[in-house]
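Once you scroll down, you'll see the structures, which are given as structure tokens.
The same subunit A turns up in both complexes below, where it pairs with subunit B and then with subunit C.
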Partner chain A sequence: MSNLRLINESSGSSLSSYSVQDVFSSDYDIYQIEITEFQQTATFSGGMRFINSSGSVISSSDYAWARLSLRSYGSFIDDKSTSDSDIQYIVGSATTSPLSSTGASIWVFNPTNSSSYTFMMFQNVNWLVGSGIAGSKAIGVLKTTASITGFNIYSTGTMGSIKTKHYGLRVDS
Partner chain B sequence: MSYIGTQPNNVKENIGLYNPNDITALTKDGHWGGSLELIAEQTFSTSVANIDFTSIQEDKYDVHFMSAQVKFGSGNADLLGLRFYESGVLETAGVYQIATQTGTSGGSFGEAKQTAYSWIFVGESTVDYQNVYIYFYNLGNSSKYSFCTFHAQVLDSDSFFRFGGAVLPQASTVDGIRLFGGISGENIGSAFDIKLYGMKQI
Partner chain C sequence: MAGSLVQVATNTVTSAVASVTLTGIDSDDVYMVQTVGVKSSNDNVELRIRVGTSGTLDSDSEYDYANKKLRADTTFQNFGYTNQDNWFGMQVGTSTQEQFNSIHYLYNFNNSSEYSFITNEIVGIDTSATCSGQQGGAVHTVTEANDSIGFLCSAGNITSGTFTLYKVV
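And then the complex of A and B:
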């Protein structure tokens, strides 16, 4: 039996902000999030923010992230920020891709540990109509010690639909 | 709950105290057992050119996870590539798109990408073991393209990595995965252990 534990699933449609609350807890230290559905009906490049234990989305400039963008049709790109209001490029692209969806895996470390920052890393691959694939391999951190219990994916664009699955890595205490 | 005392956290871990009602409820919520569910494992101690996984339960899982440990054989480089079966037919045309980053402990880094390739290159070795993990997304969804992301760690002349992603940009049902040694007939390796899992979903 594997030590990965399905916690729950969530989905949404026709929205620009997608929140999943009460998924991180003291039960686990490490979490895995799979994005298995992402219909892009308008330009959308989604960033990730965390939600604190009061249910508030943290939008302060306390995020740092770095990624390598891998593209089948062009040169690769380095992106980074040491002070941002979200962790960028979780999903999406600059062109609409209603048929193709995406594939993404995200790992989150120590979200509820109030003596540690919340770290994360992710990898994804997205389809850009007329171009090809663009994916990311990335790292990020929320530089506060707030207890984090959920996450948010948002953009100024609109998602056609999104679906995520949330897992915890079992710990024996 | 038949257990008298401190309520066990059955979602967090199996402490061995369950009755049939507990099991039924936990199974319904997807909390019974581990969430990385083994679909198939193939092990070999001789060189082969192809390994097929043809019962991948694509109708049950949106996400598949594969781990591969491959020991180098002899001769030319042992490659590790992927192709997909669409409704039982192996796709061998130049339709795959790939974008990968490579790097070595010797300090060499590079990009490798293709927009119309006949297979997905994941790993390669000329010296020792290569260890690979791959995530597959939406293989069984006939209305979506089939994506994968992967990371290979290899002990070659230097320590070597390759990570990236690929897509079969065709809305089709992928019901099989072929691992193979490349279009020139290379072998995958002299010994290997490859496991395919489904990521549990409700």
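And then the complex of A and C:
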């Protein structure tokens, strides 16, 4: 049996805020989130936030992140922030066609450890109708020691559809 | 996702050690190493990575790497070096949240006719107390079979962290 265990999966459509609760637990220290389907029908960019054990989306300015944007239609871009209300550019683009889409792989470290910040890294690839391909290699952190049990993908517009799969990486001692 | 991850070795550090070596690479499969919550005893030191032969980490000057350092606070940096005696992971220190978390895929370690390659995906809090990490790759330019991979600091000890080696099958 694989040590990478499927915990559950989720989906949504026509929404601007996509929350998945009760994913992270003391069973694992490392998690993988796969965005397996994403289509947008409005102009927006979307960021990731974490959800605490009370079920609240953390929207304080305690996120720091850094992203290398790789683009087929322009120069690469360094994006970054030391104090933000989300980890930006998980999904989304500035085009509105349903053919604009995203695939992403996200790793999360130590979310439920109440003595550690929650760290993450992700890479994604986006097709932007009228422009071309754009991708990200990125890192981020939530600079609080809150116990994190879920995540939220937040957008400035309406997401057409989204599907995610959630895995825990088991360590057998 | 395709494939499975089968655990080969793990080491959770709960008291200070000079290095952590994960052994058990004995096939031509791709392997993956995950680290989480790695901390050092000394301030402002490098977290380093080496290949191992028969469980002993190689300290020769055959390590090359090319990484992009991502930082939340300032301009990203390129790190490209040849003929080092280790692969550079990250600058870490002793402040409470300074730590190293990473994913590495290992290629050709078991093949004595090929160099050993790894990819680097690293995130943590570094000695400037900022979120930083590295994305890139590295090679050990020796045609030998490596059965292990190890982590150590440029000075002092590793004081905590979990290191796990998986085979991708």
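One rule holds for everything that comes next: the second predicted complex is superposed on the first by the 169 of 173 C-alpha atoms of A that agree within 3 Å, B and C clash if a C-alpha of one lies under 4 Å from a C-alpha of the other, contacts with A are read in each partner's own complex, and residues count from 1 in each chain.
The rule is simple: a contact is a pair of C-beta atoms (placed from the backbone, for glycine too) under 8 Å apart; a residue touches a chain by one contact, two chains touch by 3 or more.
Treat the numbers as computed from the prediction; the structure is a model and nothing was measured.
For the composite obtained by overlaying on subunit A, subunit B and subunit C cannot both be accommodated without a clash. Once the two complexes are laid over each other on the shared chain, residue contacts for A:G140 go to subunit C alone; subunit B is not touched. With both structures placed on the common chain, the touch criterion links A:N3 to subunit B and to subunit C. When both complexes are overlaid on chain A, the residue A:S72 reaches subunit B alone and has no touch with subunit C. Of the two partner chains, subunit C is the only one that A:K80 touches; subunit B does not reach it.
By the touch criterion defined above, A:F109 reaches subunit C but does not reach subunit B.
Contacts of A:A64 after superposition on the shared chain: subunit C is touched, whereas subunit B is not. By the touch criterion defined above, A:M120 reaches subunit C but does not reach subunit B. By the touch criterion defined above, A:T156 reaches neither subunit B nor subunit C. Of the two partner chains, neither subunit B nor subunit C is touched by A:S11. Among 2-10, 92-100 or 146-154, the region of subunit C with C-alpha atoms clashing against subunit B is 2-10.
In the superposition on chain A, subunit A positions 1-4, 34, 68, 137, 167, 170-172 are in contact with subunit B in one complex as well as with subunit C in the other. Of all residues in subunit B, those touching subunit A in their complex are 9, 11-14, 30-31, 33-38, 62-63, 97-101, 111, 113-115, 135-138, 141, 143-145, 147-149, 151, 163-167, 169, 171, 197, 199-202. For subunit A in complex with subunit C, the touching residues are 1-4, 29-30, 34, 64-68, 78, 80-82, 107, 109-110, 113, 116-117, 119-121, 137-141, 143, 167, 169-173. On the subunit A side of its complex with subunit B, the touching residues are 1-9, 27-28, 34, 36-37, 68, 70-73, 75-76, 99-105, 123-125, 127, 132-135, 137, 165, 167-168, 170-172. Contacts from subunit C toward subunit A in the complex involve residues 1, 3-7, 10, 12, 34, 36-37, 68, 70-76, 97, 99, 101, 103, 121-125, 130-133, 135, 162, 164, 166.
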